[in-house]
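This report refers to the structure that appears directly beneath it.
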Amino acid sequence: MATQQSRAAARLMIAPAVFVLLVWMLIPLCMTLYFSFADYRPLRGVFEAWIGFKNYESFLTSSSFLKAVGTTLWMVAGILSITIIGGILFALLLDQPMFGQGIVRILVIAPFFVMPTVSALVWKNMFFNVDNGLFSYLYKFFGMQPYDFLSQAPLFSIIVIVAWQWLPFATLILLTAVQSLSSEQLEAAEMDGAPGIKRFWYIILPHLSRAVTVVILIQTIFLLSIFAEIFVTTNGAFGTRTLTYLVYQRVLESQNIGLGSAGGIIAVILANIVAIFLMRIVGKNLDK
Amino acid sequence: MNLKNALVGATALVSVSATAALAASHSSTITIATVNNGDMVRMQALTGKFNEAHPDINVEWVTLEENVLRQNVTTDITTGGGAYDVITIGTYEVPIWGKNDWLVSLNDGMADDWNAADLLPAIAGGLTVDDNLYAAPFYGESSMVMYRKDLMEKAGLEMPEAPTWDFIREAAAAMTDRDNEINGICARGKAGWGENMAFLTAMSNSFGARWFDEDWQAQFDSDAWANTLNFYLDMMAESGPQGAANNGFNENLTLFQQGKCGMWIDATVAASFVTGDDSTVADQVGFALAPDNGLGKRGNWLWAWSLAVPSSSDNIDAAKTFISWATSQGYTEIVAAEEGWANVPPGTRTSLYENADYLAAAPFAEMTLKSILSADPTNPTVDPVPYTGVQFVAIPEFAGIANQVGQEFSAALAGQQSAEEALENAQELTTEEMEAAGY
Amino acid sequence: MARAITKQKKIMWTALAWGLGLLIFFPILWTFLTSFKSEVTAISDPPVWFFFDWTTENYTAVLERSNYPLALTNSIIIAVGSTILGIIFAVPAAWAMAFVPGPKTKDVLLWMLSTKMLPAVGVLYPLVLVAKWLGLMDSRILLIVILMLINLPIIVWMLYTYFREIPGEILEAARMDGASLKSEILYVLTPMAVPGIASTILLNIILAWNEAFWTILLTTVNAAPLTKFISSFSAPEGLFYAKLSAASIMAIAPILIMGWFSQKQLVRGLTFGAVK
């Protein structure tokens, strides 16, 4: 259907967006690439432009690297499973007949508007804190010893915080998908006497698969770069140091820009591997 | 959606903000970056008093939590950003930054009545590089034992002026009453070079440990470090609060103020808070020197939050005028008049400790001064070391390394690994980093 | 036969949904309540819920200590500005990708998304150096541009998936009638695209409002938004829960209220192609 002319016009329309993103990619990325081969430690006043792959070597061989990759994957996987399972349940729940549905929806989507720093601070101090946190009062109320979430279950605590923030997003997308399910399909199943679980498994879930892939894709992009939540709660202690946080430590805490830049490049490469993998799936799913 | 209107709106916004930025750069405004600690917040609140004396200087404040402040200030100074005219930094940063010529020397250009000779020598010494004073101390601190007299009495013990670590541990166990939420000892456990590592490094000095030997070899595999860490972990397990691994200065302060600590070993500057209005135990607090092990070194540190001028500042003179004001004797008098003598920033000037009003109002003054004077940054350890600094090692790599070591020790306190594992990891990563740094 | 809805069932669903909804909302509610307590009440054991001396002293203290109006203005300008700028770049691109798909369209789209993978801190120094060289440190325009670039891939993606759902036949019909490309966009497409664009704008304002890395590190005073404002109230000395709560409420209230009022629009276009 596309004519030569409209194709040219289309290219012209895409060009500005591609151009600015290209500049955005290239300038910082090229500089990072340049620094990653340099010995650049401003606090020492050291700048040696070329030291080969030494930064890459020390970043990759340091004992913290693999641990950080593992932590990142666990964190993302944990958050994704909570938000998707919770999101499906909430979406199904919100689709039921009830009084004040609009208000419930407002309550459920509220966490999405809270900035990460604020939610991390609130959870850390007012909920997880072992002396004055609400959870501790709850434990004491039931006659139990308060549990120190942030040092005993640090990864879980951060996953809870982030999942709380992203649950609304998953719920909203999944809700739209649930609502688009034609009621005839469901009714037919109901008439056939299919029990709830079966209905869910054979009709609802397949219908949601597209929405789930989208949620996974979009969330992963954001979750791979989680920073504020870790910075505020544990500062990377107790095995909560993700790859992003490791790069942060190299760049800002150790002030080793060369090493940090190498870490940054490695993080970009790994993230893109994950992304390509994800998008293959999504691409397939979206083309259906 | 009217795209054209939106576009016009956006352009208008852009030009408005551009003009605003332009206007700001032409006025005689100074931007001050500072920590959100109580004394600094008070300084910010007293800006009006500064403007009474200097109406020509407009002051903008950037008051931030310590970690965020460090991110901002370090990025600015290493890139020569010039965003700030006055920055708040500590004894660790000043020598390193001063050496790189990133700070302006305060040897001249300060107000005439700003009496440099009055500064405590131990404090001023840490801020001086090659005879140039690169920062003016705003408040100085060492560390000491703060304890509850009532609980001590109940335990049938008496706190000596200079306790040993064994006494502290014994007293802590005796005071602990977990059913009533009383923990014998509170100490820092939160990971960070300025948090648990400040406490543990100072403590290790009194156990005869050191970070590096004279050849810059990491020493975490030494017996002295094993003794330090094991003692600390055991004592905290016996008598420390739950969740100690997340407690930094502020968390412990809250605990102590709520009456949940029998003893607290931390910054001397906390003394005015634990005896202040927010404290439920204000009239029961006693003070003692930081503990020792009879090896000739005490476990107390030395630190001064100080005001400095980055070389990249455009308003060096105005910045110096402000620093002269905020770190002068006159400033303490202003605070005393507004908030009472007990609340003046302590630990920087000899004259303060000769001031009868201050000594009368601050029961902790004497112990603070003794603690500060007993710390020796140039000779911090039992065995000789190639570095200076009591609770830190004054090399640029230290912050990065100590943050990671702090995480290992914090994880040990949280019970996630043993002391041996923590020390092994610390030794490995320190060696790794030091080799990478070319030592 | 319609699905039988008994009253009993409806009440049961209502109770369950309200219970869970309140549970999710609880942290915000608790922050709100705490912001009106005194510092001592804020940590009282057992916690108090509604019956305490409500006070606004925390709000007064926060307002006294920092320039909230400026931070709020900056947040609004940066969030709205970057969104508008992003839309300007994204609408044509997404339109072209959706209606004139070429063989490379999908690749371009995926490449765009992959730019979002750049870990912010990794490019911190390069960016600071460039910004300094341009003299743009602590300026709103810098943040508007950077946040626009960070979120542009998401905007394009969202619009693309939305536009794709607009049936192509309508365009064909318009074209048959001799409509030019311009009028095709203006009169046929735009009205249909409005819900998608509206929800994209809303989502992007939220994302920009909450961005807390660049907005903290590239600003000092003039351009500092609410994310930086919050940093001066986290973990100061002494008791701080009540003041932290007040500052938190002040930082999230504007966006929360905007979100609530526009939730219908937000939800309508927020599909990312999730629904066929």
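Labels for the chains are A, B and C, by order of writing; each one numbers its residues from 1.
In this text, contacts are C-beta pairs under 8 Å (C-beta built on N, C-alpha and C of every residue); 3 or more make two chains touch, one makes a residue touch a chain.
Just so it is clear, the structure is predicted and the values come from calculations on it, not from any experiment.
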item	value
Partner chains shared by chain A and chain C (touch criterion as defined above)	B
Pair of chains ranked first by number of touching C-beta pairs	A-C
Rounded Å distance, chain A centre to chain C centre (Cα mean)	15
Chain A-chain B separation of Cα centroids, rounded to whole Å	35
Shared interface positions of chain C, touching two or more other chains	43, 124-125, 129, 231, 234
For chain A, residues contacting two or more additional chains	132, 252
Residues of chain B whose C-beta touches two or more other chains	71, 75, 79, 254, 258
Residues of chain A that touch chain B when the two form their complex	41-45, 58, 62-64, 129-132, 145-146, 148, 150-152, 231, 234-239, 241, 249-250, 252-256, 259
Sites on chain B touched by chain A in the complex	67, 71, 74-75, 78-79, 96, 100, 190-192, 241-243, 245-246, 251, 254-255, 258, 260, 396-397, 399-401, 403-404, 406-407, 410-411, 413-416, 425, 428-429, 432-433, 436-437
For the chain A and chain C complex, residues of the former touching the latter	1-2, 6-7, 9-11, 13-14, 16-18, 20-21, 24-25, 27-29, 31-32, 35, 90, 93-94, 96-101, 103-119, 121-123, 125-127, 132, 134, 137, 141, 164, 167-168, 172-177, 180, 183, 186-187, 190, 210-211, 214-215, 218, 221, 224-225, 227-228, 232, 243-244, 247-248, 251-252, 257, 260-261, 263-265, 267-268, 271-272, 275-276, 279, 283, 286, 288
Residues on chain C engaged by chain A in the complex (per definition of touch)	1, 3, 5, 9-11, 13-14, 16-18, 20-22, 24-25, 27-28, 30-31, 34, 43, 45-47, 89-90, 92-93, 95-97, 99-102, 106, 108, 110, 112-127, 129-130, 149, 152-154, 156, 161, 168, 172, 181, 206, 209-210, 212-213, 226-227, 230-231, 234, 241, 244-245, 248, 251-252, 255-256, 259-260, 263, 266-267, 270-276
Chain B partner contacts - residues on chain C that touch it in the complex	39-40, 43, 64-66, 77, 80-81, 84-85, 87-88, 124-125, 128-129, 132, 137-141, 144, 190, 194, 197-198, 216-217, 220-224, 228, 231-240
